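Below are two complexes that have chain A in common, paired first with chain B and then with chain C.
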Partner chain A sequence: MNDTGLRLQASGGLQKSAARIGIGGPVGSGKTALIECLIPDLVSRGIEVAVVTNDLVTKEDAKRLQNSGLISPDRVLPVEAGACPHTIIREDPSLNIAAADKLNSSFPELDVIFIESGGDNLASTFSLDLVDYWMFVIDTGAGDDIPRKKGPGIIRSDLLVVNKIDIGPYVGANVDLIKQEAVEVRNHRPTLLTDCKRKIGIDLLVEQLIQDVLFTDV
Partner chain B sequence: MTKDNKIIPLMLLQHSDSAFPSGAVSFSWGLETLVNRGIVNKADDVQAFLNAHLTARWASLDRIMLVHAHQSWNDPDRIAWLDTLTEAQSLSAEQRQGSRQMGAAMLQMHCKLGTKRAKEISTAISEGKLYGHVSVVQGVLWRALNFDSYQAQSMAAHGLSTAVLSAAVRLSVIGHEDAQRIHSVLLPAVAAALQKPVSEPEEAHSFAPQIEIASMMHEMDEMRLFMN
Partner chain C sequence: MQILNSILGYAADEPFDSALHDLSHAGKVEYLTISPEDTSRRRMKVITNKGTECAIALNRDQQLSDGAVLNISADRAIVVRLAQQKWLLLEAQNHAAALEVGYFIGNLHWKVEFEGERLKVALQGPLQTYLDRLELLIKAGKIRTLTEDD
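Our next item is the complex of A and B:
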């Protein structure tokens, strides 16, 4: 997408296009929960949302969002990953691009399409031919050494989200240390802390997305 | 040897490489259902499955459409007719859908590469004038890139073989060694299929009932790694 919000379609023409935001991260880090928190906040600001899910084995995430009551079910499209979640967001994102194009063409009013990767590992990254911006979600339950492991997801994402900060103390994970080391290994690029259960940090996350990629404040 | 003749073998490697974005990674073409139900559970079964796909569906249906599309690559009406015949001859919904999705994925990349006719076909699909089945799209685009008919057929058969074998490896029913052994064992069958006379499009057909039934069952499967 260029800075006018226009995207060159496969068929050649330029048309208004929603920003495409990738959400990657390990299994269980809270990617779907994060989307469930983001949708009502974005909608309340008049931002039109759709989602492409890349469930690994079932259509669990797609059905969860479709049945959530937060979004019209036809604004959620599942794309099966063929057991290779990283391949369909990076080496061969063609089916995800097609799904996002379909959503864009069905709902021209869209402002943002989230593309949720299937749960993967710390090496998971998005093709910039697929998304305009991507965030990587980790959770404190996986341990406070995750940022030190410096996977490409941690280092290269536009935004790192450290989710489930509420459970850190119960699993011996030092949330302050996670934040400090994440900021260091990312060379001070954005890192946010969230707790989806209590909606902590969601407002800051939305503000970050607006500032970095949605530009609705301009 | 002209410059083109020197480049074409290299292009053939590029365009038939599994690294070329085609969406193939998300398709098992019925294999997932058969593996999940224990019908395909060893290397011989995978070999039989791929052999059936290549000889009883691809060679008699997709190959025929590819060859005719390759011949008629500049004739939009005939391309639309071939595309419609392919739609009509594909029994299960997921086979039809998978074929269309792979066609669209291929077009998406070729539009970016500037391949002749790619934008026209892509536009026709978005306007509802074409389904965009992969065999028809392959025929047109590979002809536009100056691959001859035999090369185009070989590329398509290779793509199907690698996609199915890769899916079988990911489904843990075979390992990488068996995948390459099966690929080698089936090469003569593919070569024989490529030598067969090309029927008229109206006579193109597939008869792989177990694969068709597996594809239909897959539509209702809760556990699914693949789109078909």
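Our next item is the complex of A and C:
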């Protein structure tokens, strides 16, 4: 480097800027339950969490989290889509961006803001203007042919979570086949199995998020 | 892991232009190739052309673009290089087919541009995935695919 008084600087430590992680997937796949599992694990690692929920015409998911005792209620903000939920996480995510910005300014210590949105079967995807990283949640109760259907949520998400692996055997769904075909259609991008009732796979999921987007281990 | 949490400036602007010129002669400039779609992300893990693992974590008011300088010192500079967008070019057989393919692609939420009578689909995944979705329209002769040279 020449010495001409240039005000060049190398990057230093990580600045405090909360990561924004989308959690999408069909209604009933267990997204809110997954967040209920993630919060205590993240908090135990000293990671500060907030959540934006998206519901069609209610605040159901937000109320559930606010009443869970897992997180301060004012760290949960509801957004009512009023229409197809995918439109406000992809086509025009301004309502969700505003909600995340509000959480960020109210709680500058935040490390991560989860933005949860359901619906639209396998087709919903997140705008990367809204989130830095997004996971798509499916459940074994919907059948073991879901990965073969190759919806955009399955194919394009940064991380696929196959949830409710405990109920697969009761509905004739082959969990191993789901995992194998998911890995294939996603060209070996990350796919994890979880069971929120028994907290199976949650630690691996948290470690994946830390490694891919939170960087709190660096 | 190299943490990169700020865009310090741009390669074409001074004082970075001169500094990068000097560093490049010493083989000390590393490039991060980012896809057009990923420029919207503020956080991601990437590896430079020289194998340095990087964790990008920008503030929300910064956005990656070609030539963004993320790190510079006497030993090394790390600069963003924007990957070229790849396109699938489509040509409809007639107006009815054009309407049909437009409706179909709209339902799939693909990103497109119009170039005269051609429809350009931005590839955000493997080409074959797009061709699979269009298979019936192609087989029916309603559309044909073109290369950039056609």
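What we mean here is this: the second predicted complex is superposed on the first by the 202 of 218 C-alpha atoms of A that agree within 3 Å, B and C clash if a C-alpha of one lies under 4 Å from a C-alpha of the other, contacts with A are read in each partner's own complex, and residues count from 1 in each chain.
Definition applied: a residue touches a chain if its C-beta (ideal position, glycine included) is under 8 Å from a C-beta of that chain, and two chains touch if they have at least 3 such contacts.
Note that this is a predicted model, so its numbers are computed, not measured.
Colleague: Quick one: is A:82 in contact with chain B, with chain C, with both, or with neither? Answer first, second, both or neither.
Modeller: first
Colleague: Which partner does A:106 contact after superposing on A: first (chain B), second (chain C), both, neither?
Modeller: neither
Colleague: By residue count, is chain A touched more by chain B or by chain C?
Modeller: The partner making contact with more of chain A's residues is C.
Colleague: Is A:90 touching the first partner chain B, the second partner chain C, both, or neither of them?
Modeller: Touch partner of A:90: chain C, not chain B.
Colleague: Which partner does A:72 reach: the first (chain B), the second (chain C), both, or neither?
Modeller: A:72 contacts neither chain B nor chain C.
Colleague: Mind working out whether A:58 is in touch with chain B, chain C, both or neither, as first, second, both or neither?
Modeller: It touches chain B, and chain C stays clear.
Colleague: Common interface residues of chain A with chain B and chain C?
Modeller: 9-12
Colleague: State the interface residues of chain C toward chain A in the complex, per the touch definition above.
Modeller: Contacts found on chain C: 1-6, 8, 15-16, 18-19, 22-23, 37-38, 40-45, 55, 57-60, 70-74, 108-109, 124-126, 129.
Colleague: Give the list of chain A residues in touch with chain C in this complex.
Modeller: Chain A reaches chain C through residues 1-2, 4, 6-15, 17, 19-20, 90, 101, 104, 123, 125, 127-129, 132-133, 150, 152, 155-156, 187, 211-213, 215, 218.
Colleague: Would you mind writing out the residues of chain A in touch with chain B in their complex?
Modeller: 9-12, 56-59, 79-84, 87-88, 91-95, 97-98, 105
Colleague: Which of the residues in chain B end up touching chain A in this complex?
Modeller: Where chain B meets chain A, its residues are 19, 21-28, 101, 104-109, 111-112, 119, 122-123, 126, 167, 170-171, 222-227.
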